[in-house]
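Each of the two complexes below includes chain A, the first together with chain B, the second together with chain C.
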Partner chain A sequence: MAFQLLLNVFLAFVWMFLKGSTEADTFIIGYIIGLLLIFLTRRFFTGRFYLYRIVSILKLLFIFIKELILANYAVFKSIIRPNAKLTPGIFAMKTVLTADWQITILSNLITLTPGTLVVDISEDNSTLYIHAMDISNKEATIEAIQNSFEKAILEVSK
Partner chain B sequence: MIEIIINIITGTLIFLGAALTVVAAFGVIKLPDVYTRNHAASKSATLGIMCILLGTCLYFFQTEGVFNSRLILAIAFIFITSPVAGHLVIRAAYNTNVPMCDHTIRDDLKQQQKITSE
Partner chain C sequence: MKTNDLILQTITKVIVFLILLFSVDIFFAGHYTPGGGFVGGLMTSAALVLLLIAYDIKTVANLFPVNYIYVAATGLLIALVTGISSILRHKPFLTHAFNKHVHLPLFGETSLHTAALFDLGVYLVVVGVTMTIIQSIGEDK
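Take a look at the complex of A and B:
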């Protein structure tokens, strides 16, 4: 990923030297031509074509913002409703993610999801302990949401 | 025409941000224990402040034609740091044995800690 990005910037600079101009739009045109070249020669690189990863990062960011808005709606509902019945609790969740940054992003996502907050992460990075606002019927759906988060994070690191 | 639309969006964003912050404050008063309060504080306050900053950014862009990138940077910083702050507060509360409210029906972490300490 980083190598392809660097190569693309380098190709854009080569284009600027070929044109003999230092304008920003020459750089942008050179960058687009370099992007095309890297796409055409993508089978010689070890990783994927790096635009795929950028798209999946953008998708993750979109999920982040969507979940934040949904979470606020849920909190709003549970605060406004008079004497709502709360059944909070802490449950454990296994995760397939291994790298530290992946677990950090996952727990940030979970913290911003409706009704869940990460309390602790086990020593071996395999289990997350999550405090949920309403544990009675939500556990299955929460697990489903988290599977989609995990999938999105794995998509980025593939 | 565009001016009016931007004005409406700015007003809505700032009002929404203020309203969300009020909801978060009510949540902190109303909810029973530190864990559930943290839910309200860490989510609603985050989005509320982000909305207010975005509205401010739009306002100055419209009235004075200045794009203030520091506000966008502030939004990004708050977005990254506030869930971590919520997690750290709740973790510190748990590790110092702050009790949960009476409705609490499940605690997997306590069982896990019992197993490891034995």
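Take a look at the complex of A and C:
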């Protein structure tokens, strides 16, 4: 991923030197041509074509923004309810992610979802301890949301 | 009970660079805009303190193997030399010299001023003193 991105920037610079101009639009045209060349020779690289990964990063960003809005709406609903019937509790959740940054992003996303908060991580980084605002019937939906997060993060790091 | 600081450490790895970059920006902004050696030094110390919070004293000492007392002394020395250099030009002590129109590559029209060197001295003294205080308090035998 990083190597392909650097190669693309390098090709754009070479294009600028060939054209003999330092304008931004020359750089952009060179970048697009370099992107095309890297796409044609994508089988030579070890990773996949890097645009796929950028698309999945954007997907993760959109999931994040959507969850942020939904979370604040859910909290707003439970605040203005006159007599809340909440049963708070802490449960453990196994995660398939291994890298530090993956677990960090997953934890921050879970913290931003409605009514859930990461309290602690186990010593071997395999289990997240999550505090839920309403533990009674939400288990299944929370698991579903986290599966979508984990899928998106795995998609980025493929 | 030992807690797992994974999230704090991962975030720290990213944030420390931003804080250090911001401290360099504030240091160079001091002449025309708010900022300067003192605030920049405090900001650099803040980045080091964040590292100390996320990791431990040994790790940070391995990262930056410097004696902070020497850093403060170097800063004082730079400020003193800046002051004495004006005596050599038959001007009163601490008279600053400047050159308004210097063409540096990449930077363009820059005005060089010896107050920046004095500020560098202040910066090093602030970093050295802050880190010395915090490390002396933090070390438990």
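We take it that the second predicted complex is superposed on the first by the 158 of 158 C-alpha atoms of A that agree within 3 Å, B and C clash if a C-alpha of one lies under 4 Å from a C-alpha of the other, contacts with A are read in each partner's own complex, and residues count from 1 in each chain.
Following the convention adopted for this analysis, a residue touches a chain if its C-beta (ideal position, glycine included) is under 8 Å from a C-beta of that chain, and two chains touch if they have at least 3 such contacts.
A quick note: this is a predicted structure, and the numbers were derived from the prediction, not measured.
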item	value
Contacts of A:Leu36 with chain B and chain C, given as first, second, both or neither	neither
Chain B versus chain C as contact partner of A:Asn125, first or second or both or neither	second
When both partners are placed on the shared chain, which of chain B and chain C touches more of chain A	B
First, second, both or neither for A:Ile57, with chain B first and chain C second	neither
Touching partner for A:Leu86 - first (chain B), second (chain C), both, neither	first
Contacts of A:Ile28 with chain B and chain C, given as first, second, both or neither	neither
Chain B versus chain C as contact partner of A:Ser107, first or second or both or neither	both
First, second, both or neither for A:Ala71, with chain B first and chain C second	first
Partner chain in contact with A:Leu5 - chain B first, chain C second, else both or neither	neither
Residues of chain A contacting chain B in one complex and chain C in the other	107-108, 118, 120, 122
Chain A-touching residues of chain B, taken from the complex the two chains share	20, 23-24, 26-27, 30-33, 35-36, 38-40, 42-44, 46-47, 79-80, 83-84, 86-87, 90-91, 94, 100-101, 103-110, 112
Touching residues (chain side chain A, partner chain B) in the complex	64, 68-69, 71-72, 75-76, 79-80, 85-92, 107-108, 111-112, 115, 117-120, 122, 127, 129, 131, 133, 135-136
Chain C-touching residues of chain A, taken from the complex the two chains share	100-101, 103-104, 107-108, 118, 120-123, 125
Complex contacts: residues of chain C adjacent to chain A	2-4, 6-7, 9-11
